[in-house]
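Pasting the structures in now, so scroll down.
Two complexes, one shared chain (chain A), two partners (chain B, chain C).
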Partner chain A sequence: MNTTINMPLAGVMALAALTGAAQAEIRLGASVSASGPAAFLGDPEGKTLEMMVELINEAGGINGEEIALTLYDDGGDPNKARTFATRLVEDDEVVAIIGGSTTGTTMSILDVAEDEGIPFISLAGAISIIDPVREYVFKTPHTDRMACEKIFADMQEQGISKIGMISGTDGFGASMQAQCKEVAGDHGIEILADETYGPQDADMTPQLTRIRDTEGVQAVLNPGFGQGPAIVTRNVAQLGFEIPLYQSHGVASNAFIELTGKEAAEGVRLPGTALLIGDLLSEDDPQYQVVTDYIAAYKAKYDQDPSTFAGYAHDAMALMTDAIARAGGEDPSAIRDALEQTSGFVGTTGTYTFTPEDHLGLDQSAFRMLEITDGGWKQVD
Partner chain B sequence: MMAGRRKWLQLGVLAALIVLLPLFFPSGYYYRVGALIFVNALSVVGLVILIGYAGQISLGHAGFAGIGAYACALAPQHLGLHPGLAMLLGALISGVVALLIGRPILRLKGYYLAVATLGFGILMSMVLTNERALTGGPDGMSVEDLGLRAMLRELGWRLSGGEMWYGVSGIALLIGAWVALNLLDSPSGRAMRALHGSEIAASTVGIDIARQKLRAFVISAVYASIAGSLLALQNGFITPDVAGFMHSIEMVTMAVLGGVGSVFGGILGAAILTFLPQLLTVFAEYEQLVLGAVMILVMIFLPQGLLPSIGRRIGRKGE
Partner chain C sequence: MDALLQFIFSGVTVGAVYALVALGFTIIYNASDVVNFAQGEFVMLGGMITVFAHQAGLPLALAAVLAIIVTAAIGVALNKLAIEPARGAPVVSVIIITIGASILIRGATQLIFDKQLHRFPAFSGDDPIRVMGATILPQSLWVTGGALVVFAGLWLFFTRTLTGKAVLATANNRIAAQLVGINTGAIMTLSFGLSAAIGALAGVLITPITLVSYDVGVALALKGFAAAMLGGMGNPKGALVGGLMLGLLEALTAGYLSSQYKDAVAFIVILAVLFVMPQGIFGKSSTERV
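Moving on to the complex of A and B:
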């Protein structure tokens, strides 16, 4: 059965290769989790990649060559992600890969990218993706550890040294909980209470009551995403906490304020990116242009605000196309070298400077400490 | 004698397909798809023994795949075991676990058995997700390289990762199919098929029903475990998805689609349901729709599964 399918397929492929050479296009590949449990990450990421390729091609492409994007939906399954990565490299013959919405899918793709020498920019958070540094693997989102450090630095400024943590047991919450506990000591923060909740839980009052009853707790930190943090925030308001509540960058979106309600969300602090406060940025902010352009384009096409995660995809595509333009060709290793030499590149998430030792290229300045006031965002640092 | 010759003929066709198909591969990516088909087929052959021969259902076999996969990830790291030996250790653990839980579970019938096995699968996936310190939680963990590719390279045989795993999984499937076909012709296999037909009738002719059910359960668990190990070693990275509920359902679906009473039907089912989604990526939004429609149509018009039903039609024409 396979033979009859593959014979004509081989012919078509040969034909495609011929016409492709004549047209001169740059083939990029992507695998994101547009469906499944991680769809809230992959869906806006996929939309962003498609939109950007359209915009770049309309503007004349890279060095006069159009981009052809092959986009697959791995559904958050690492096994599928690896198959698609193999397909992108072997069958679609792409010169670079973007994707891996989750840590699991990224770890599956990076093996293929390393093996075949194809530059790969990941959209996932874990520090293990770029530490140790792998030759062909880069990433755009800051690590969970950086979010913890940003929060703890702000706490220090506020004179807070003893906190209670309540974390989701999903991938994001669990990973950030572990990272925060590791770096808490460096900032003189003591974690007095450490509670968890399941991703489907509808009420966190018992855990929060335990935190409230713990002697000396000066603030609450809630690593997690989805509905959990919204419920925690509402419960905190209902219980009449008088200490500040810190959320993570996982809920940095307007949807979070809508889900929580204006009153309950008042005063919540979290580390976010410039993308979230696009309309509040001053015009001389280095990120002003790129952020407002991107938000306008995304809103025009999809009629909704881009999320922080969509911003990761934006930056990955922008970095990759910039590197391809500077490499001046389609040789994957030349693109990789150009990518590694990226310096001071302004994206929506922050300003990227890659070095052979640092394939993330962001520092703490990429995060802005935000506070929710009157149902909107305010930068407080 | 006839049955024996037929068995070798069938295995010969399978082996020829495995060897000859790469001649038509337009790119290296098809080796990866082929390797995935063989690995899935291996666990489905195990289910054919359990569901097709012995007539018992399991909705939790991904749990055993999880044991096999995580054995390959954990044993080399903590016990210093070679990944190949870790695969055998995983198979052993799966067999023992199946033996222990199979004894009480297999007293149940029909829906109750389905729910009990479902519970086991969910339990395994929860343990793998929540034991963060050991398994890395939902983010998964990496698996040590088998070292086979480097060894072959030293022998002067340069293979890409895809080509090697195509070969390894193909050989594993051939062995698995051979063992399953032998079992079918053995007294044990006949006993299993008898109890599938009627448990009461089987027990009146002196078949130890509990023992035969347990045997089928343990054997199929070992198949799933080895398939899980091969997947882990091939991917070099593993997450709790391998033990997930959806993976269990996928296995049963493959077996039922291809023809649950036949080893080669199971393999055909695995091939179709592994290759079809790759073919359907062009209509990404309709992929689930098409898969669902294919399933419903096969169940309505070919209730025995693809291979047995088609085989019967051809046979009837021949008469």
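Moving on to the complex of A and C:
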């Protein structure tokens, strides 16, 4: 009895699925790490993607066609990311993928995208994602190396040439530590002390005492994210350092100032994006419009400020929909070609110009050197 | 010289954090031989609930008390809903249940509160106290003092009170304990409630230093467990000494050898100690006393 009822029901459902697919809509796929250890990346990224699709559809979609977003949460697990990427391509039949909150998950999705010929914009930092250039893979966040170069350039201007480094041993900290050490020489920076700490450590005063007692150190650089940099900043204040402290773009958020406290954060310098200083931008700044619009929309929907990472997702979605509009269809390789021809596209992170040799498309100008003064941000370059 | 003092201050601060977590393990272990792997989650809950109660407008002290009471209730609920129904199961099964409970608590916290890092102000401000060129934060003294008070309380509880001795008797032989008139069910409920309350107190004290988010419990429980094993599981003195030793080892290694090896050195020392004294430094005397 049950089977006789279920059989036609299944048929109706299959039919419904078919007609659904036949309707004019553009299917986009995404896999972000909305839970798990990288949730602070993936959570705002996922929220941003959902919000933007809503806004675009309300405004009439792309060339009159609505976007249907399939969003998965890979929990920061590269194996899950691979499964979801395959599912996006084979079951959900998407024309393009955005996602990969971490370098690990990106590497999994990237294989699938390359094999299947689906354009993919990654939200992860590592330079190895786009170097060497892969045909279908693009990314929106600047690389760690660019952050190091920005910091070292600022140090040079301040006449600093000898520094101590204290890095987290988490993925972000370790990667940036290695990149900074590689490019330090190009900027005439000598690293006299090179300390590390575990991502869950409660106190870094021994490492910082070593740096303080190293002869000739003129500044401290702390690549890392999570609670580590907040504790380092508080320890630096506790020990009464008289030399400047540089943090990385990994902690570029207002939450960082709240965690360290206004007094301890005073004078800390770090490279950040325009998104962080939205209310300080002058109206003739090229990024003014896109940044203020995005912050207003995100605040209205989620009642909080978007993070730098959320901005990466914003730019990825904006770039992708722009390319789909120009490609004028749903052919993945046409979208890829349109993406690669993107030129002078203003996002929240910077201005993107992709070329066949450059699938990141940002330059040093995307970063702004910021200093924390009186519990807020000040642009110093 | 001032460098050595700074390393010692750091070691004591971190060590007191470990000791507070380790002390939370002792009661449940003494009542049931079970190592409660949800102990780190109790610490996390203490911090998280205080943060959100404080944000909601409660004064810090009231928020802290509320956090300790709520966490103790969660500890009791854990015993009633998950541990008691598994009565008679081998110790290993119960330990696995506590691991499951810790995953559940972490997931629920992430949904009910959020995934961000939080902090509330230190109790006595952030101005460091200077001693011969080295500095220590007032909150470190709160944590150290808290560890000492909890240690003294537990030591008195287990050696001077009838209830404390009933807890030890329950672990030693549940049936014999029942025969002499000990309500072993109530003892288990009490031990989970007390352990959770101690964990929450630890969370309240350490959050201004270590910060708190839904996932800090695992790492804290691991270090606290290592400290408890080093000192001798179940002995409050062992938890205190083990925690402080672990903290000092890490700080001195980071200060004099290399920060890359501080965790490795600490764990090598623990392995070496356990190789010679499998019960931990103070473990044996406590098990013989009952």
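To be clear about the criterion, the second predicted complex is superposed on the first by the 361 of 381 C-alpha atoms of A that agree within 3 Å, B and C clash if a C-alpha of one lies under 4 Å from a C-alpha of the other, contacts with A are read in each partner's own complex, and residues count from 1 in each chain.
Keep this in mind: contacts are C-beta pairs under 8 Å (C-beta built on N, C-alpha and C of every residue); 3 or more make two chains touch, one makes a residue touch a chain.
Please read all numbers here as calculations on a predicted model, not as lab measurements.
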item: Chain B versus chain C as contact partner of A:226, first or second or both or neither; value: second
item: Which of chain B and chain C A:61 touches, first, second, both or neither; value: neither
item: Which of chain B and chain C A:240 touches, first, second, both or neither; value: second
item: Which of chain B and chain C A:72 touches, first, second, both or neither; value: first
item: Chain B versus chain C as contact partner of A:376, first or second or both or neither; value: neither
item: First, second, both or neither for A:91, with chain B first and chain C second; value: first
item: Chain B and chain C contact sites that coincide on chain A, given as residue numbers; value: none
item: Residue ranges of chain A in contact with chain B within the complex; value: 2-3, 6-7, 9-10, 13, 34, 72-73, 76-79, 82-83, 86-87, 89-91, 102-104, 107-108, 111, 115, 126, 128, 169-171, 174-175, 178
item: For the chain A and chain C complex, residues of the former touching the latter; value: 35, 37, 39-40, 43, 195-198, 200-203, 205-207, 209-210, 213, 226-227, 230-231, 234, 237-240, 255, 258-259, 261, 263-264
item: Partner chain A, residues of chain B touching it in the complex; value: 21, 24-30, 32-33, 36, 130, 132, 137-140, 142, 161-162, 231, 235-239, 241-242, 275, 278, 281, 284
item: Chain C residues within the chain A interface of the complex; value: 3, 6-7, 9-11, 13-14, 17, 110, 115-119, 121, 126, 128, 135, 137, 206, 209-211, 213, 215-216, 219-220, 251-252, 254-255, 259-260, 263
